[in-house]
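Just below sit the structures, each encoded as structure tokens.
First chain A sits with chain B, and in the next complex the same chain sits with chain C.
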Partner chain A sequence: MKHNRMRAHFAGILVLLFAGVGQVTFAQESHIGGLTGEASRGKKLYRRYCVGCHGPLGDGRGENAPWIDPKPRDFVTGTFKCRSTPTGALPTDEDLYKSVTRGFVNSNMPSWLPLTRQQRADLVAYVKTFSSSFREEKPPSPLSMPSESAANQQSIQSGNELYQKMNCWSCHGKEGRGDGPSAQTLVDNRGYPIPPYDFSVGTRFKCGESNQDLYRILMTGLDGTPMPSFANGLTPAQAWDVVHYIRTLQMNVKRKKQTAENEKKDGGESKPVGAQPE
Partner chain B sequence: MLLRLRAAVIFILVLGVVLSVRQPAHAIPAFARKYDLPCSACHEAWPKLNDFGIAFRDRGYQLGNEKDSPIWQNPSYWPITFRITPEWHRESSSNQVVDTVPGNPALGQTYQDVTTHGFDFSGLDIWAAGTLYKDISFSVLPSADSSGSFHFENVFVRFDNLFRTRWLNLKLGKFELDNLVSEKRMLFLSSNGGFYQVYHYTPFREVQFRASNPPIVQFNPVFGIGDNQLGVELSGHSENSYARYSVALLSSNEGSPGLPNRTYDGWASFNQGFAVGKLGVQRVGAFAFFGQRPTFFNTSFGSPVLSEGLGNKSLYRAGLTGLFYIKKVDFSTVFVHGWDNVFLGTGTAANAPLPVGARGPTWNGGFVETHFTYSPQLVFVQRNEIVRMSRQVFRTDPRDLGDIDAFSFGLRYYPFMFSRAGLALHTEYSLVRSYKSASPLPTSTSPFGPDLRSSSVFIGLDFAF
Partner chain C sequence: MRTRINYLQIGVTAALVLLTAHGAGTRTLRAIGTSSEAREDTSGAATLSGIVKLEGSQPVATRINMAADPACLKMHSAPVMSEEVATGTNGALKDAIVYISDGLGNRTFDPPTEPVVFEQKGCTYNPHILGMRARQTLKVANSDPTTHNIHPAPQNNREWNLSQPPGSSPIEESFAREEIIPVKCNVHPWMKGYIAVFKHPYFAITSKDGTFDLRNVPPGEYTIETWHEKYGVLTQKVTLETNQTRTLEFVFKR
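The block that comes next holds the complex of A and B.
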């Protein structure tokens, strides 16, 4: 009887150990398409490319951090701006991979596209080791994205109304210049001032440049910043309307001309605006 | 035993205070300061670029994060980089012709090894480079030799992404020819190892001719693949810079300002990178140069009009390049085939008859340079290089006349790696053997001497700020 109890305890410990090892193994790998990234290789790359800003502990306190604005991401908290997952959730490996590949416009984070796909996957695997969140939970499934509605005058008008109704203007300003009444008061989750995006100047967004990227930003929010998720406040069709309206705030003459021409050509049923970013 | 080991280590360290930069080498902490990236982000081991550094350079010193234009920089930012190398070096050359009794040439000459050594410092680079505006970049590199005499190593303005395509970038000025294996970014600094023999090779007969014809030397009739040239370059690259090309139209004056010389050279290079699983990017490429050089000069009442070279004759170089990575070891490989017109090869003016039986010289050469990057802060380097004449100017010349064997090895240790400055302890040994290239003794009946062996030992502190 005593022996049986001991055996049960021993087996329990083994199960726990294996479960722990399994989780560690999961956190030390990334899976992007057919690629498997390994943290051991990613560590060397991180030390070469990333440590100056993100720091050896991944806490965004690298030696260059004091001089950088916006501040480097703190990987330890497990909070990431660009995700395909709901607000508050961990990003998928693919999300992190895209961030590494794309870089962040208007920041010091460059595009690491010159690194091979394998190297970027390895980096993602290593970045995940900084936060215990990746060991303790699994990222949920990405938000579904219905196909884009037509960017016609009606959609843009509806987007304009939603832009007012949802108070987007309070940060981004009535003309999208990032000069809303709340703009000066915004801070990120580390207490650093953060300006709202100025649509009139930028052609690319923090998390991509296509309409799909913009839709995703609206519906997932940018965690760690004051930009909330509108997944509960907007229907997918409404979100597309807002996307279409925001595109009109971008002072891109060529795109506006294209819109007008498309509308004329299609009798008001224009093609998606900005679907092919320049 | 321990004491001996310690003594040996101290000896090596003391010996290890290093020397003479043959080529101004390129590493720009000003960029690191601008973008807050460590040297290792762009350099495998500075000054050698890695894949990210290649892409950054190809984009016109831009990261593409909408903050590249200088208007986004703090006004106090000044894009200047200094580089210099205090050093100790030892140079030795075999078979030098010296007087049997110093100061008394009448008593005859003999061969002797000549060796010098001592403390020294390299030339100084004061390099400004960066962006003038979005998609407009520049570089100005005044470079001094160790005596303080300045020249402009490079000066150019580059327009990037013309017609909104990264495949069209235009550069005007004096610049390094685009090639996969850059001599400006090599990890060797000594007098013998600090340049690629095959990039600057000139057949022995031609060297003899130039030595005996000072006026023609003023036209700078040489061509070095590693030398910066004056001209205009059109280049392009894929988004990740794995595919790259460059074509350039150059003045036939080896980058010497004030010597237009009326003719032009052409350069073209192409290289392609392949992502090979866990090994990283492997690159292969090819290049070709076709040019002309004068063989005589106009005269006025018998005196040379030096600004006008005449009787231009052609030369070409063509080759293959490769960069291969296997984990921490990488290989830079180059093969070059060269040909000079017979008038250049024999040093004959184009309006004079050629020596009987003379032929245009051809040669082949190449090297394998190996780097073992233990970490971004410690790299071991080694290079084997050969040049072989495939056709001598005269059939009667020895087949190996002017052939070269060269071997170098060393290490670079970077005690720190951050985004403000760079420092490397550089140690190197280099040996070059030039076949039958020593001067013959006056009593010799042969026009050729024995083999010439030159070696360098170099220990220095290479720093850039």
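The block that comes next holds the complex of A and C.
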């Protein structure tokens, strides 16, 4: 009987705790596929791996920040470049997870593939706690992406015309060398100069390297940078045409064939940082 | 057994109470700006008018070079001047924003249902400075034969950036919170404008003669600010009595 009562006490306290803490922790979780990230665990990882650049307050003012260009992301504003959601909206947990996994080419942000999936999910949960936006708003559903059209001559020609009409050349240049008339004037949302992408160099795009990633960049824009969303100006079919044309500007790029194996590798896990080879 | 049931009941009730409180909280937040206690109450309201001036030698407007986009260049036969500082006779300063910055207390105001329009015309913004209310609909129109991107850079609202090709329908947006937001077009770097968002109707943007009018202001003690994109902010305190008409002068110094 006594035992029973104790169990009852315990169950009751648990329910009370859950009710009280439930809504507080709600914003401190991340959901990526079947994974649930916890901010409390993410905080420890953040202190170990991220704090040097992004800072203890998540404002991008870590001790390394003065020597870094482009500057580390300020998580407090809740503005993120790589999203599947419309411009002005918050990214999904999945978007943040992909950014942590992928890293940012031409920046000091490495790929965090060496961390486990669970660790990366925990980090996403913690990063979201820096901005009140994640408590006040929910990210809308990702932009829909119809399947890719055939990359034939007609599509490339149409893409070329759109590249002119949509003034892509103003920044990226007539030949995609990042030398358009407005290129020198561009700054990011913190006032730092930011160069437009030079297609002829052929490095990976900031938010992924597949045609789907490129389509997404066009339609969502890179918030916090001068790159706008073209969701208003381009139909999905036109956006695919622009993607196909842009690929012809990447003269020096040797593209990996996108295979199921590569996909798997991107989302996979490798050994933890500092682990000794077995 | 009974104890357990009681605890469960308490727990579930607590959960419900908290959830309801949470819901109610959200609703209260939304309700700001939808009640209109002060709106109808214009009896005994005061009027605040005046002028904004610029003292010192009058600045010379700089010429804008639109050569980067031939479509823009072709639209103008006369030189286009920067609108950053525009003055009228006797140092009257155009495009200063005069507004109540403090003193309205807890009054809340409905945003007007009609939208405001910010137009891209001749590769400049029309108007150069747009005043609007929080949660009011903003329509961004492109009347030019070239593609613009409309890129507000807020501190207190969400930043967005949309491309708008010629002939497309207006973009509809709104801003939730008060602030003066710089707007630019990254394609045409000379294009600069401002959208001033207020949660109350007591603001005015000076015209070429530098004058402003704030009407139907409830009596009270207020802090009035005047903002100019180049010369910053001036502040004055003013007490308005019932039915009073007061005149203020703001003078920026170069």
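Remarks
As a working rule, the second predicted complex is superposed on the first by the 227 of 278 C-alpha atoms of A that agree within 3 Å, B and C clash if a C-alpha of one lies under 4 Å from a C-alpha of the other, contacts with A are read in each partner's own complex, and residues count from 1 in each chain.
Criterion: contacts are C-beta pairs under 8 Å (C-beta built on N, C-alpha and C of every residue); 3 or more make two chains touch, one makes a residue touch a chain.
None of the values given here were measured: they were computed from a predicted structure.
Of the two partner chains, neither chain B nor chain C is touched by A:Tyr245. Residue contacts after overlaying the shared chain place A:Val51 against chain B, while chain C stays out of touching range.
Contacts of A:Trp67 after superposition: chain B is touched, whereas chain C is not reached. Looking at the superposed arrangement, the partner reaching more residues of chain A, out of chain B and chain C, is C.
In the overlay built on the shared chain, the residue A:Asp223 is in contact with chain C alone; chain B does not reach it. Legend: residue contacts after superposition of the two complexes on their common chain; A:Val105 is shown touching chain B, with no touch to chain C. On chain A, the surface touched by chain B in one complex and the surface touched by chain C in the other have no residue in common. Within the complex formed with chain A, the chain B residues making contact are 35-38, 40-41, 51-52, 54-55, 63-67, 164, 239-242, 275, 277-278, 280-281, 376, 418-419. Residues 4-5, 7-9, 11-16, 18-20, 22-23, 77-79, 86-89, 133, 165-167, 170-171, 181-182, 185-186, 189, 221, 223-233 of chain A are the ones that touch chain C when the two sit in their complex.
The part of chain C that touches chain A in the complex is made up of residues 1, 3-4, 6-8, 10-12, 14-15, 18-19, 22, 67-69, 146-151, 153, 158-165, 168, 171, 173, 186-189.
The touching residues of chain A, when paired with chain B in their complex, are 41, 47-49, 51-53, 63-64, 67-68, 103-119, 202, 204, 278.
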